[in-house]
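In the two complexes below, chain A is the common chain; its partner is chain B in one and chain C in the other.
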Partner chain A sequence: MSMNATIQAEDVTLRYGRKTAVDDISLSVDSGAVYALLGRNGSGKSSLVRCLLGQLKPDSGNAKLFGEDVWKHRTRLMERVGVVPEDPDAPPESRVKDLAWFSSKLYSRWQQSAFDRRIARFGIPPAGRFGELSKGQKKQVSLALALATSPEVLILDDPTLGLDVVARKSLFEEVLGEMADRGITVLITTHDLAPVEGIADRAGILKDGRLVLDEEVETLKARFRRIRFTSQPMVLAQSNLVAASVRQWGTGTEAVVSNYDDVAFARLQIPVAEVSPMSLEEIFIAVAGEEAGVES
Partner chain B sequence: MFDINPTNAAPIWRQIEEGMRRMISLGTLAPGGAVPSVRELAQQLRVNPNTVARAYQRLTDAGVFAVRRGEGTFVAEVPSQLKKSERNEALRDAAGQYAGTALSVGATLAQATSELENSFERLTREHRRKA
Partner chain C sequence: MNAALLIASRELRDRSRLFLIAAALSVSPFLAALTIREHRQLGIASVAGFLAIAYSCSLALALGVSSIGRELTERRMSFFFAKPVSATAIWLGKAAAGLLTALGALAIIVLPTFLFAREGWKNMFMSGGGAVALNTALICLVLFFGGNVVSTMLRSRSARVVVDFFLLAIAAIAAFAIVRPILMRGGKDIAGDIIVGLCVAVLLVLAAAPAWQLTRGRIDARQNHAALSKFLWIGVAVALIGTAAFTYWVIATPPAKITQTFQFDQDPSGRWIYVSGTAPGRGEYMASHLIDTATGKHERVSGLPWGDAHLSGDGRMLVWLESAEILPRVGTSRFYMRRLEPGAKQIATPLVTRLPAHLVLSHDGSRVALATGGRVEVYELVSGRLLAAVQGIDTSVAYLLYFAGPDVVRIIEADKKDREIRHFRELDLVERKLMTTGEWTTGENRGFNRTADGSRLYSRADSTIIDARTGAALLTLPVKPTRWFYATMLDDGSSIVTRDAKLFAIDANGKVTAEVPLPVDAALVVARMGSSKVVLSAGSIVQHTQRMLIVDLATRKVETSVTGIYGPMLTGGVVPHYEEITAFAGIDASQKPMLWDSRTGTKRPLPS
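Let's look at the complex of A and B:
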């Protein structure tokens, strides 16, 4: 575990009755870094996030923020954390400016001007009623509320779900601006990796309550390649290259290799081969199967 | 400006570094001219500001960019050249990718070389026109 960890899970296990929702998970997000946590509904994503927010007490292990146990010191620690929930909720009749007034009473570091400017950039009228906003606008209001508290940590729970391209773009612009201005630490849970491709420093994938992958994006992208060649897959066995997946491709082979290096591959002397780097999304599908990738 | 390619083998900080060097050698960014702030470029390319900052730091260390306190980042007045070893390495990396593409479409060495010459001439022409 890094000394610099701002968000940290240490062997966290959470059970609902006989079902283990979070199974011995350890992860850490360094100060100023962005961590993307991928998992579909039921993977344990929400349960893990709720442990990290001090809303659920792990059956074993510790969830820490800023190095302190978040369950024990929830009120004090949450003052420094901004959260944009998957489905932002507020009384439908309340006005946007009333929600801001309410938050301003709760947070000592509230910045009204930051909230006003952001809402204006999003094009949301302060007198608009929450219940009449679109899903994208509700997310935008929620982000404006979270960032106006000058958080050191921002947690975005499936931020792109139900958002169109324009709303998604403006949401990430605000987050990136805040990162540039204040160096905040960000945890994004998502089912869709394309929008966080250039943003996440580190990525993890949750499957059935377990963290099956947890790695720096740069090293992940350096070691994975898709290789298509005309011969049979056996040729790969002559090298130390490890195939994460292999399938027939035309009369030849398509393999995803998880420890690619030019020298090992050149030694195989495969006559015609196409070697392609992969996007984060493609890597995750290769590692965790189709069902872990895009879904609605 | 340039785009970041998610399926490029090069890390994003290097894509930014190369993109900036390319814009300078083509004259899109002039010596002494201001470059976008880390914040602006991060928002425009939709990449982590730390990644942009890393590319800018490397360009500053290499003497391509100059930082003026309180004013921002500028293209150096006297553009620095890459060291010979660095230039060779950059060429070898890019040539490897290009050769891979050429092989994958079944092109001959002569065809690939001819396309390379065409691109080289076109970019040089554009550079002269802008200069």
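Let's look at the complex of A and C:
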């Protein structure tokens, strides 16, 4: 664990009855870093996020923010955290301006002008009731509320779920702008991997409640390769390459290896092989399971 | 701004529509009044009152159900928990907003009619409208807090709800079991206070539980349910334990705490005392004890409230009735008995009966005669066996019933047509036969007192001693009392009359055997002591002129004179005959029971 960690999970396990939603997970996000937490539906992302926000109590382990137990000190710590929830949770009867008024009284660093600017930019009427807004607008209001609190940590739980392309783009632009201006720490869970790939410093992949991968994005992309063979890859068995997945590709075979090394691979002298780098999304599919694909 | 106030303010802002509906409803009583011709103002107030109660109660329930439960299931509670507000502030804010909405709506509906139909409201308040308003506010509280609890439990869809219903049933049974002993002993007022106290305690638990629920459960519906259940049932258990402790304090009232005496009897040896009465802070709960004055030990006797316990004539048995009903109502009762011996146990007999109009014991307390509903029944107590029964006795008129021997019950009843005629009858328990043995005609109904063997009766109205079997007049007292209660026949057939500051002792043949000067003009004989002494009561205990005298007929002197106390009590038809005892049971001017020394007149309290 990093001594500089702003967000920390230490051996966190969370169960719902007999079902284990989060299974002994440890991760940390350094101050100013962007961490992308990836996983399929039901993999435990939101449960882990709720533990990290002090909303759910882990059955074992500790969730910490700024080095403090978030379950015990949630009230104080939330002053420094902005949250965009997976499902917009503001009261549907509330008007947008009333939500801002409510938040302005709770946060000492509330920026009313920043909120007003964003709402205007999103084209959302301040007198509109939250329950009458579109899903995209609700997400935008949630983001505007979270960013106006001048948070040191921003937690985005699947912020683009259900949004159209334009809304996704504007949402990420706001986050990027805030990061550029203030250097906040961001934890984002998402299925929308393309925009995250450009901003995430580190990524973790959850599968069935377990953190199967937790690594710097650049390192991750450097060691994963797709290799296509024109015949059966007998050579794989003879080499020290670790295949994350292997499948038929035309008459040949396609393998995703997770410990690719240019020098070592050249030594194998396979002229027919085609080696290509992989995107974060491709790596996610290879690790988290291709059969179900990635939800959009 | 305080977080709770802020949340309350936010919630109220969202409920402007509910207040608009209330404003619309406030107009409707005036529209309804257009159809009323007479008592229009009262009609307006009545319609407004009904609408206000119905709307505010509905709101309280709806808001109680939705404030937390609905937000949990619709996953909106994270809105608050993602902000720097405590769980307690969330609940306090929501509760304040919910209750203000319900009570504010009530005020909005009522206010215009209160201003424009004041007379109607005045009439309503005079007929209990104030209590209705208070009760409405209380009902709103119960609906709001109760609605939240039920909603949280049901919406969690957890199997734990089965446990909750089970615990609810247990709590209800426990509450009843705790209060029942007090109800069964006449303490309806204190039981009512206990129930109100328990309800207030439970309401406080219901009000406080959600703060704990949200602190522990936060956004998880099932964890909320688990935390709520834990707090609720522990709180209810604590309230029940507190109630049980208070109930125990009431039930365990020691004899020394009794200040209002209902019954105070003493056996002939003077050792055993039965006392029942009420004590401060215990309402009308009737504390009853059997006291062994030799050891100072006392034990609780759980007889019927306002029902006598009966000492047998030989002073060896105490018999009483306890309710055989689960609910505190007049129904069947069971006979209990206890031998007046150290270490003896209270025995529940198999005899269960409806509360009789008349109940008498045989001399040794082994049998009981009951008269009620025109029927006289005689039972053996230990076995509950019916020994004999007769129908057609009018138990509603002047009446005397007693054991004239182990196997004979004498029944004296008024004639159904001529109330001045008394019919003397005997129920033979061996033959199981009712016989008419004689009659007596008297001018006034002053009742009789009798000898210990039941062979003679003294008719107080006529100053005449008669044969108890035949009704034949045996003698008329040679000295007439100035008032009927200043003449008494003793257990051995001799009589005492007091008048003109003198006591006249008259033997069984009607001869004056002694004249004793008294320090009072006249006195009432309450007991006989030893072979030659009588205990008299003079003056009024209420007017603080009460005086007890012990007169020795052998020495013809007043042996003891003590003021400010009354006792032993004169009960039943036979003047009690005590042995030479030192401690008499008596009550002071405030009806507090105590003991007094027959030689020195010194008073001392009952054991505590």
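Throughout what follows, the second predicted complex is superposed on the first by the 289 of 296 C-alpha atoms of A that agree within 3 Å, B and C clash if a C-alpha of one lies under 4 Å from a C-alpha of the other, contacts with A are read in each partner's own complex, and residues count from 1 in each chain.
Criterion: a residue touches a chain if its C-beta (ideal position, glycine included) is under 8 Å from a C-beta of that chain, and two chains touch if they have at least 3 such contacts.
Model, not experiment: these values are computed from the prediction.
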item	value
Clash or fit, chain B versus chain C on superposed chain A	fit
First (chain B), second (chain C), both or neither touched by A:R18	neither
Following superposition on chain A: angle at chain A, chain B versus chain C, Cα, nearest 10°	160
Touched partner set for A:Y107, first chain B, second chain C, both or neither	second
Chain B versus chain C as contact partner of A:L56, first or second or both or neither	second
Nearest-approach distance, in Å, of chain C Cα atoms to those of chain B in the combined model	25
List of chain A residues in touch with chain C within their complex	16-17, 50, 53-57, 74-79, 81, 83, 85, 87, 89-91, 93-94, 98, 102-103, 105-107
List of chain A residues in touch with chain B within their complex	32-34, 169, 172-173, 176-177, 179-181, 194-195, 197-201, 218, 221-222, 262, 272, 274-280, 282
List of chain B residues in touch with chain A within their complex	4, 6-9, 11-12, 37-39, 42-43, 45-51, 96, 100, 103-104
Residue ranges of chain C touching chain A (in the complex, touch as defined)	1, 3, 6, 10, 13-15, 75-79, 81-86, 216, 218-220, 222-223
